[in-house]
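Quick heads-up: structures coming right below.
Look for subunit A in each of the two complexes below; its partner is subunit B in the first and subunit C in the second.
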Partner chain A sequence: MTFLEITEGPLWVLASSVFVLGALWRIIGIIRFGRKPDISIPRASALMGAIKGQFLHFVPHGGFSFRTRYHLVAGYMFHLGLFALLIYAAPHVLFLKENVVGFDWVTMPRWGFILSAEIAFAGLILLWIRRISDPVMIQISDADDHIASWLTFLAMLTGCLALDESHDSLRALHMLSVEIWLIYFPFSRLMHAVTFVFSRGYTGAFFGRRGVVP
Partner chain B sequence: MSVSAAIETFVNNIDASAAAYLDSCVHCGQCAQACHFYETTGDVRYTPVWKLEPMRRVYKRHKAPLSGIKKMFGLVPDEVDEDMLKEWEELIYDSCTLCGRCTIVCPMGIDIAGLVRKSREAMVAAGLVPEGLNAAAKRVLEIGRPLGIKPEIMAKIVGEQAEEVGIPIELNKVGVDYMIILSAMEVLNFYEVIGALARIFKQAGVTWTISTEAYEATNVGIQMGDKEIARTLVQRIVDAAEKLQVKYVVSPECGHAYSALNWEGPNLVGKNYDFEVIHILELLDQLVREGRIKTKSELDQRRVTFHDPCQIVRRGGIVDEPRNLLHMVSDNFIEMENYGVANICCGGGGGVSSNSRAEELRIKSFGAKKKQLDAVGPEALVTACGNCRNVLEEAIDEFGMDLPVLGLTELVAEYLDD
Partner chain C sequence: MNKSMKKRLPFKRLTVMACFMMLFVWVFAAGMTGSFDLKSQAYAQTSGNVPGKTLGNQSDSDFWRQLRRGQPFDLSGTPGGMQVLIQTPGEEWRSLRNGPLSYWGGLLILVSLVFVIVFFLVHGRIKMTGGRTGRAVPRFSQPERWIHWFIASLFILLGFSGLFVMFGRYVISPIIGKDAWSAVASASMQAHNLLGPLFIVALVIMLGVYLKDNIWQKGDLTWVMQGGFFSKGHPPSWKYNLGEKFWYWLLFFAGLAVSGSGLLLDFPWLAERVQQLQLAHLIHGGSAVILIAVSLVHIYLGTIGVEGALEGMTQGYVDEKWAQEHHGWWAEEAMAEGEDVVEGAVQAGQPDNMPAE
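For the complex of A and B:
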């Protein structure tokens, strides 16, 4: 069995299983903590507040746009670039068709890949530079923040190296870095990709009951 | 000090929402941009999410899903210890007013103020509470009142106010519609509000009373994070209201009192009340809409602006009512930048004003509010919280500003056409 076959075979199964089961375990674990019912009389709908909360926090509001511009721009550059690559990069679509979902969809052209990758890299690097230079972020950051940034960076870098599919080892290297990322995901702050929905929802519901969604 | 009691309380306080919050934070630090303590000092320790560090550590070590596996590999944070709790006592009590402005800026929508409240409960369990709050709690338990104002003194104050406005005020009257409660700061410093209410209610034809068994809405238990004291104080109001068989209890111009009675109260005493809670601003706005309050045609000409009390507006949901009332009495009402739900705290909420250790920091943090005020250059500042009013007056003096601070109910009464 070649290195590529290992990364696309048993290692992929292991990593994706840890990713799915670990993330599910963590989500179910959080939900199982439960909450005491709030018996105060609501002024408005908690559910509507929870829904509104999902959208409101996509952009910082209330007069912070200037102070948070760096993070807002870099954050969106990274996330939008990364999602474009994940979902529309031709090799990803083919891999997901063959190994996960069984069907394909429209893919982005090569120039789209390059552009998305550049935007995502720029965003990620800008965010990391801020993490190591801004006094607030230095104070609150821990090893998990840096490991997550670097694993993501490596997965993206090896993905770019493998784009031309010039060598099996480059593809295998990309698979390996993605698999490490997938295994790390449920144990780390990368879980924010899922838990943000709960966080925004709980806060939205809290304020929704009070008739205001700030 | 009991570290284990604090850890146990942290663990017990982490429910699904707290876990989701602690698991969602990506340490972006944006919350610092919303905090008046960070803005005015530049001290990174005042970053709101950093104030949650003991709770985060306990969660990640003892309760987070998959923490067992991480513990096997030594990948969980160190145990919270005595030194950490002592250090964080200041961060949790002195540099957080529970204003909740950080929640607005948080991309994950984390309710940091709510988690600081929960952290305070752990501090109470550990026995680490600022002296000012402890003293207020002691007075509540021993005398029954946070500022020590006994019923006979209260009756005297009410009598003097009744005489001043020429309207009799009956204490402990059974079967009226409304029972008024006041913030301790109103009773102590701004008791003219009692006369103002008497005039407004007379014109509106409202039947009301004040109970000598529960006239202070201030809830030091909520501020310090002691649920048992908070429950005792809410129960005292509930008992008095039920004894007088009133239909409504009017929450006063006091931020956390509204939160304590209306939002947390039923959960603390474990049942819904036999009466409704209505905030004084809601009641006044309702009376205006029903045409029961009439004001003079000549309005206040001063350039006035409104300071939104955090617990009434941002975390209370009463946003439009004070503005409706101000437009009714003022010809020159101007909003500050980021008014309403994004308004900046006075600096003394959440028990900070009762904590003498925090005084210097509180005054300094007013710098953020001052910037807001300077941008609109008001001739008078109106608010709807006795504590905000007191804190603002003190800070305005300290900063050498010439700006009167007015209570909204009193302003409405001043322009009554009676």
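For the complex of A and C:
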């Protein structure tokens, strides 16, 4: 078996299984935590607060908009660029069709692929710089944050190295870095990709019940 | 048969033979001249051309001479009209790239590296005289630090990938073999092409952010005349000494040259002729090796070479002693103004008032 066949075969099955089962385990764990009964007088709907919270937290509160401007812009650059790459880049769509979902969809033109990649890289590098230079971020960042940043960067970088699609070894290297990232994902802060729904919902419900905009 | 008849027979034979010979010569000449009336000139007499009939009136050597000298030909089945099959200046470009550019560029980077190592071994780390005071002078704002580290990250990635592309065939390929080198070269090229445009954006922003303190100021020459970085004492300077200003302006001109040429190489359809791409490549490579060579000195001085320098770019402030020793005139101004407060640190130039815990 070649290196590429291993990374696109058994290693892919292992990594994706760990990813799915690990994420499910974390989500079930969060749900099973439950919450203590809220005995405050309900002034408005907690459910509506939970739903509103999902969307309102996409932008910072008015008073924080200046101080959060840098990481808001860099954060959106990185996340939107990465989502565009993952979902609409032709090599990814082909891989997902063959290995996951069984169907394909419209893909970006190559210039869109390049532009998304550059925006995503810029956002990730800017966020990493903030993490290692801002005094508050230095205090609250731990090894998990740095490992997650570097694994994500490596997955993106190896993808960039394999852009020409001319060497199996480069493609296999990208697959390997993605599989390491997938295995690390459920046990790290990368799970914020799933848990943000819960945290926004909880905060929204808490304040919504009290009649406060979350 | 009498004697007179015998004498007449040889003459008749000679006459017939002569006629046949003339016929033969005429046929041969007609073939050579290409005309029955023998009016065309022989090819051997037409302006030095080699006789032949390859393409009508043109000889093989003429045809290949024109091809070699870059004459365009109307190729059937190709769009865009006349096409040049061989462009000779490309050989000159190739010789320059694989010859002087590679040789002198590589030598420049090696000399810079050796210089840094030798300087460190001879001078050691330049430390603050008498140690730190513990008081902070704000030096770089957060946007200045962020744009610096952003462009530094891109510089490192582009520098390494560019060096692989330029020198890999001489250094890496003999070690890992041609197959593996092919993958490394492809990867380096892709990374270099993708991250290049980001560098251009970052460079423009950085040049704008740092411009105001890198203009020539009275006293800049004093720093040089007193020995600059090689002096035993600490000649005074403004926020950036002339060495640092030199680095800024080198980044300005060589950085823009490497960016403009790189943009053309990244989008080659913007060029009208391949010679423009060849020139862009030489400018790109030449500017890049100069930047890399000087950046080694910058990285050395900013990290291990001078005690207290790195924290300016990581935390935003420097120790008062460092500021006074290395940038005395700037330190006086900064401490007198006292506008920017360094959170969590004792402010230099102010009464000692530790932040409340």
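Rule of thumb we're sticking to: the second predicted complex is superposed on the first by the 211 of 214 C-alpha atoms of A that agree within 3 Å, B and C clash if a C-alpha of one lies under 4 Å from a C-alpha of the other, contacts with A are read in each partner's own complex, and residues count from 1 in each chain.
Note that in this section contacts are C-beta pairs under 8 Å (C-beta built on N, C-alpha and C of every residue); 3 or more make two chains touch, one makes a residue touch a chain.
These figures come from a predicted structure and were not determined experimentally.
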item: Partner chain(s) touched by A:Tyr202 [first = subunit B, second = subunit C, both, neither]; value: first
item: Touched partner set for A:His57, first subunit B, second subunit C, both or neither; value: first
item: Partner chain in contact with A:Pro135 - subunit B first, subunit C second, else both or neither; value: both
item: First (subunit B), second (subunit C), both or neither touched by A:His92; value: neither
item: Contacts of A:Leu163 with subunit B and subunit C, given as first, second, both or neither; value: second
item: Broader residue contact with subunit A after superposition on the shared chain, subunit B or subunit C; value: B
item: Set of subunit A residues, in rising order, touched by both subunit B and subunit C; value: 134-135
item: Subunit B partner contacts - residues on subunit A that touch it in the complex; value: 22, 25-26, 28-36, 38-41, 43-44, 53, 56-58, 60-64, 67-68, 71, 75, 131, 134-142, 145, 186-187, 189, 191-192, 195-196, 198-204, 206-207, 209-212, 214
item: Subunit C residues touching subunit A - in the complex, by the definition given at the top; value: 142, 145-146, 149-150, 153-154, 180, 182-183, 186-191, 194-195, 197-198, 201, 314-315, 343-344
item: Of all residues in subunit B, those that touch subunit A in their complex; value: 14-21, 23-30, 32-34, 38, 44-45, 47, 49-50, 63-66, 69-70, 75, 100-101, 103-111, 114, 262-267, 270-272, 276, 313-317, 319, 337-338, 341-342
item: Subunit A to subunit C touching residues, read off their complex; value: 70, 114, 117-118, 121-122, 125-126, 129-130, 132-135, 157, 160-164, 166-167, 169-170
